[in-house]
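Okay, so subunit A shows up in both of these, paired with subunit B first and subunit C after.
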Partner chain A sequence: MVNPILLIIVPLGTAFLISLTASFLKNSTKYLALLAMIANVWVSIKLLPAVMQHPINVVIAGVKPPLGINLFVGPLGAVFSILISAAGLLILLYSFKYIEGDSQHKYYTLFLLLITGSHGMILTGDVFNLFVFFEILAISSYILVGYEGKRNGLEAAVKYLILGSIGSILILVAVALIYQEAGTLNMADLADKFGMIDPSKRLMILVFFITGMGVEAAVFPLNSWLPDAHSSAPSSISAMLSGFVIEVALIIIVKFVYSIFAMTEILGFLSLVAVITLLVGEFAAYKQSNIKRVLAYSSIGQIGLILFAMSLNSTDGLNAGLMQIINHTASKSILFLVAGFLIVRTGSYQISDYRGIAKKMPVSAFFFVVGVLSLLGVPPFFGFFSKLSVVMAALHTGSVFNTVMVFLVLLGTIIESIYFLRIIQIMYNREGDVGSVKEAPFLPLLAIAAFTVVILAGFLVLPQITGYTGSVASEIVRKMQMAQVF
Partner chain B sequence: MNGVLSISTVLNFGSAGLIVLGLYIVFTQKNLIKMVIGIDLAETGVNVLLVSTGYIKGNTAPIFSKTGLQVSSMVDPVPQALVLTSIVIGFGVSALALAMIIKLYEKTGTLDTSKIRGLKW
Partner chain C sequence: MSIVWILLNIALAGVVLNVLFSKSKIVQKYVSLLVFAGLTYFSFIMYSQVGEHFDFPLQIAGQSIGFTITWLNYYFGIMITGISLLTVIFSLKYMEGKDGSTNYYTVLTLKTFGMLGVIFSSDLITFFVFWEIMSWSTFALMSTGGKEAPKSAFKYFVFAITASMILMAGVVLSYSLFGSFDFTVIHGKIGTLSLSMTGFLLSIFIVSFSVESAVFPVHSWLPDGYSNTFTTFTAYLSGISTRIGIYGIILFLFGIFGMQTIDKLSIIGKINFRYIFGVFAALTMVVPTFTALYQHDAKKLIAWHSVGQGGYMLIGLASGSALGIAGGMFHVLNHMAYVVLIVFAIASVEHRTGTTNLNKLGGLIKKMPVSYLALLFGIIGLAGLPPMNGFVSKWFIYRALILGGYPFLAIAAVIGTLGTILSVYKLIHNMFLGQLPERYNNVKEVGFSMQLPMWILMIVVLGLGIFPGVAMGLIAKIQISLGLAAVPYSLHGIQTASGQLNMMVVGALFMGGLLVAWIIYLLGSRRKHISQYNNYAAGNFLDKNVAYNFNYEFYAAMEHVIDPYRKKIIQRTEQGIAGLTDAVSEYVRRIYTGMINTYGIYVITAFIVTIIILKELI
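So, the complex of A and B:
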């Protein structure tokens, strides 16, 4: 059996190794990052079948929980580890040609720290440890947003940093209150003891925690940083931030609400917030003329959709939300990665400057169309099945509130299709001429193609995927118990 | 307690005050450096809250400094470990924020968020 702690140690250790060896390895440090990511993918794939049998619990430094720190890997941890490391590996391959300049080792160091933070947040079994990994993730993403050192990037990074710090302060307040009231920091132990806390204090902890984590998960109205940060970052980083970082924060909120705090009465409020997030994101995306801002606002819309599915208080809803996360990771990564080379080749962020670009960059344009169609939920792409299951899960609850919400969600999808199809129409315009523009290099296209395969072939392995997401969903719904973990 | 405020109450109210004050500064000030100061204040407030959770009246520091010290006469060491971590993280974030603000100042020549306006604030 492989030890899940490798998922955290390998990228963290390699990040330090890269900064140590950067002076003589120069830009070859990227191959170290590649090795680390391949190892991560291998470990996470090995982990999945083992975890499906029985959750793995790793005690760190020999002190047994609840006093010590542990990693807890259930189906949720395994599935998200695969998502993070696979998307990370492909985006790393893309970065090889996309990131240029002499100090690339800084990029790869931070890249691996971002991966470390994401894995840590998903796998840890300790509330304070969660905060530490959250900070690793947040700090590395602040720097990566401003990596190019341009004015917009720096401004977005500072804005992200200020809002993100407020979020982490609120999380820390929640952690302090948890320790004050429950006397434990272990998640399973906390789940046992949380019910004994005074109800008003329980609500206070929940509000602090959700608000703090909601900043990173870009839930309305805490998402004002996202359009700037995701649109000003290098495109590979935008793909990571949109592809799994906000989803990791979101799944932590969902996990706490269901299986640790067990306060499902808040879910009605969350689904209202989710639909508002979705509509705000889609309407704002409609008005944008900068391609990366369109994609960033569309991410807000998608986060709304995922949160809506996950706050239905049913296993079906959670399952649908997880499928939508997989779909969003693949399709939004494609869109951001293609947009990266559209911007490099034309030197413009404006959609109107891409008139007729499909003639010059046919492969990129094709991938873009596939990404869009899957995001919109057109059959037979994977997005169709995930969106269908969201709608079905909502209608199955049978409540009038959810039915109304589904209509609003579908309204959001219509707006989404209007602005995305407008972009495609401009790209495939016959009269347009973008001058002498070259197709993107082979390696980035290969990485994008791998994401496309997930979307195109997703429906062939649909039963397997729903099998895994189903067991993740049933893990989240079940309340965590100390006895069951140890 | 003979009607006098206990230390825990003072610490709780003090930390809440620091957090509110810090967040108020972040939301009302336009100067980026002042916003960082606000974040630092709020972080200090959280650190005070963390330390106060482990406080037990009349007990001593959790170090076996002289013989005969009992565990039951010590304060809870866990929050102190947490607060050390939290201080280090807070220091790192502030240093990073100031470094980024210097870079931003080099590009824009101002620290006023209402004048930077490359993006919407």
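So, the complex of A and C:
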């Protein structure tokens, strides 16, 4: 059996190794990062069948929880690890051609730290470690947003830094309160003891934790950093931030609400927030003229959709939300990655400057269309099945509130389709001429193609995928127990 | 191996081949010809498998999904493939050397694939999946062609995606109510629903299909969308694409909900679901038909009629009687035949003259006699005059409305027909009659490959007019399979207790009447034959700036009369909705000010609000 701790140690260690060897390996350090990511994918794939049988619990340094620190890997951890490492690997391949300049080792170091943080947040079984990994993730993403060193990138990074810091302070307070009231930081132990805490203290813990994590999870109105950060980061980083970073934060909220705090009473509030987030995201995207801002706002909308599905208080809803996460990771990565080379080739962020670009960059444009169609939920792409399951899960609850919410969600989809189609029409405009623009290089296109394969072939392996997401859903729904972990 | 599989695989193979050979138009042409010939053949022989059901090797939510063959979808299947084949034959020559035609055959094949999938599906999921493929390919189809095409296609798309989302809600709602996607299962359980829920669910589906079938007031996408694309696509879209919406309405009204369930949905007395639906259908007949009078472009004029004629089909269905439903279904076929014929004639003229502008054409009768004959046959059908097919189905519909006690709807139908006659006269006059502009001196008739589809359709239009029994046999089978009463028919018409129709007699009488009129005309003395180039100007000095042309502003006086009643409510409502969306978007966008201090306030506010709300919840 492989040890899940490798998922954290390998990228972390490689990040240090890259910093150490940067002076003589120069830009070749990217191959170290590649090795690390390949190892990560391999480990996470090996992990999946094992945890489907029985969750893996790894005790660090021999001290048993609740005193020691542990990693707890159930289906949730394994599925997300695959998502993170696979998307990470493809985006890394894309970065090889996309990131230019002399000090590339910084990029790859931070890239791996971002991966480390994401894996850590998902896998850890300890609340304080969660905070630590959150900080690793957050700090590396602040820097990566400003990596290009341009004015708007730095400005966005500072805004992100300030809001992210407020978020992490709130989380830290929540962690402190947890330790003060429950006397433990182990998640399973906390799940056992949380019910015994005084209700007003429970409320404060909940509010601190949700609002703190909500900043990173891009829930309205805590997401104000996102449009700037996701749109001015390098496109590969935007793909990561939109593709899995915000989802990781979101799934942590969901996991805590369901299986640790076991406070499903608040889910109605969360689904209302989710639908507001969705509508705000879609309406804000509707009038944007900057392609990356459109994609960033659309990510807000998608996060709203995912949170809506996950706050239905049913296994079906969680399952649907997870499918939607997979869809969003693949399709939004495609869109950001294609947008990256559209921007590089034309030198412009403005959608109106891409008039007729499909003639010059036919492959990129095709991938963009596939990404859009899947994001919108057009059959037979994967997005259709995930959106269908979201709607099915919501209407299956039979409540009038959820039925109304579904109609609002579908309204959001209409808005989303309109602004995406406008972009596609501009790209395929027959009269337009963008001058001498070249197609994106082969390697990035290959990475994008891999994401498209997921979307296109997703429905062929639909039973398998729903099998995995289904067991993740049932893991989340079940309350964690100390006895069950050990 | 089921024929449905063969059909869908051929269509899909056609799409793939067209994509693979996108560089070679010659290969695309002949591959498409072969594909559509195959589709037509297989769809016609499909009657041997009616009643069979085929599962797709994939399950959704534990439900098997698949296809079925019924008389209803057999009827629509042969229409789809038949008209696609004629369109392809016509296009072989028509599309030669046209700009932007690389994807022409690809989108045509894809669209046909989508439509075939929709009509043969036996459950809501398959139906929805193919419905989406169909809508997106319609969008792609409309985007090809002229400069304005992408814009009007976009308008269609906004309507279509809204309809799709409503449909999706309906699909999922049915699943959560009935626990199944299968049409027959849902049909079996429909009686268990409460009346309000039945009404809600039915409205969801009907509203969604109304968009695709361009029912007033959600029709405004159609005229521009259909007329800005290639003229052959105008034919194909007007002929069959819109009617898939009608298929959906027939399927859900009669096949899934069933007549008994629908008749329970009554508000007060006669004001029931069908009646309300009928009123919308009547508006669809009247308003667009009179809007057609205004059009100065032949394609637009016919596109508006496409909307209007849909109203006849729907009002027949809404009447609820066997005769009316038969009329509605028959009118789908009849409309398809004559409208495609008309548009082919327009396309032929366009092919030779390069324009479809009615203010510029004229006098082509001697130059293009076959096209003229085609248009003449077509407009007689469209106007609903004997001996053409349009008369038969419209007669059924009028009669059903009068017998069913819907005098106002019947009057609306007659008013609609009046408008139709006026505007089709404008069409044929401005294209073929009157003076011939000098620039068209050297115009020739189109070639054989373009004439052939027109001849075939002329035979169909006239044939179905004189022998309506050929189609009525199939329609009777559909009605019985849907659990409705069938109309007793004979080869030349129908024979019911309340009256009969024999098209031989009607046709002979009509021809006799024409003969009498012709004789009177010949006997009269106030005739003068003038040459087509004679531009008598009543003493006015003519120079290039004076537009001396009868065709110009043909119905100016009538437009003057109608104008005060045109309020453009639909247009204003649409603009209002678009404006509202823009305003909301602008407002929401301003939430993200870009100022870090406001963002900080947001976080603090969110924190406090969360405390307040969660305190209540816990």
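In this section, the second predicted complex is superposed on the first by the 486 of 486 C-alpha atoms of A that agree within 3 Å, B and C clash if a C-alpha of one lies under 4 Å from a C-alpha of the other, contacts with A are read in each partner's own complex, and residues count from 1 in each chain.
One rule holds for everything that comes next: a contact is a pair of C-beta atoms (placed from the backbone, for glycine too) under 8 Å apart; a residue touches a chain by one contact, two chains touch by 3 or more.
Because the structure is a prediction, the values reported are computed rather than measured.
Of the two partner chains, subunit C is the only one touched by A:414; subunit B is not. Ranked by how many residues of subunit A each touches, subunit B and subunit C are led by C. In the superposition on chain A, A:166 contacts both subunit B and subunit C.
After overlaying the two complexes on the shared chain, residue contacts for A:152 are found with subunit B alone; subunit C is out of touch.
By the document's definition of touching, neither partner reaches A:404: not subunit B, not subunit C.
Once chain A of one complex is fitted onto chain A of the other, the partner contacts of A:139 are limited to subunit B, with no touch recorded for subunit C. When the shared chain is aligned, subunit B and subunit C each come close enough to touch A:228.
Touch criterion not met for A:446: it reaches neither subunit B nor subunit C. The intersection of subunit A residues touching subunit B with those touching subunit C, taken from the two complexes, comprises 158-159, 162, 166, 224, 228. The touching residues of subunit C, counted against subunit A in their complex, run 58-61, 99-100, 125, 128-129, 132-133, 136, 143, 147, 150, 154, 157-158, 161-162, 165-166, 168-169, 172-173, 175-176, 581-582, 584-586, 588-589, 591-592, 594, 596, 598-600, 602-603, 605-607, 610-611, 613-615, 617-618.
Put simply, subunit A touches subunit B in their complex at residues 128, 132, 135, 139, 142-143, 146, 149-152, 154-159, 161-162, 165-166, 168-169, 172-173, 175-177, 179-180, 185, 224, 228, 232. Within the complex formed with subunit A, the residues of subunit B that make contact are 19, 22-23, 26, 32, 35-36, 39, 42-43, 46, 49-50, 53, 78-79, 82, 85-86, 89, 92-93, 96-97, 100-101, 103-104, 107-108, 116, 118-121.
Residues 158-159, 162-163, 166-167, 170, 199, 202-204, 206-207, 210-211, 214-215, 221-222, 224-225, 227-228, 263, 265-266, 268-269, 279-280, 283-284, 286-288, 373, 378-380, 384-385, 388, 391-392, 395-396, 398, 403, 406-407, 410-411, 413-415, 417-418, 421-422, 425, 428-431, 459, 462-463 of subunit A are the ones that touch subunit C when the two sit in their complex.
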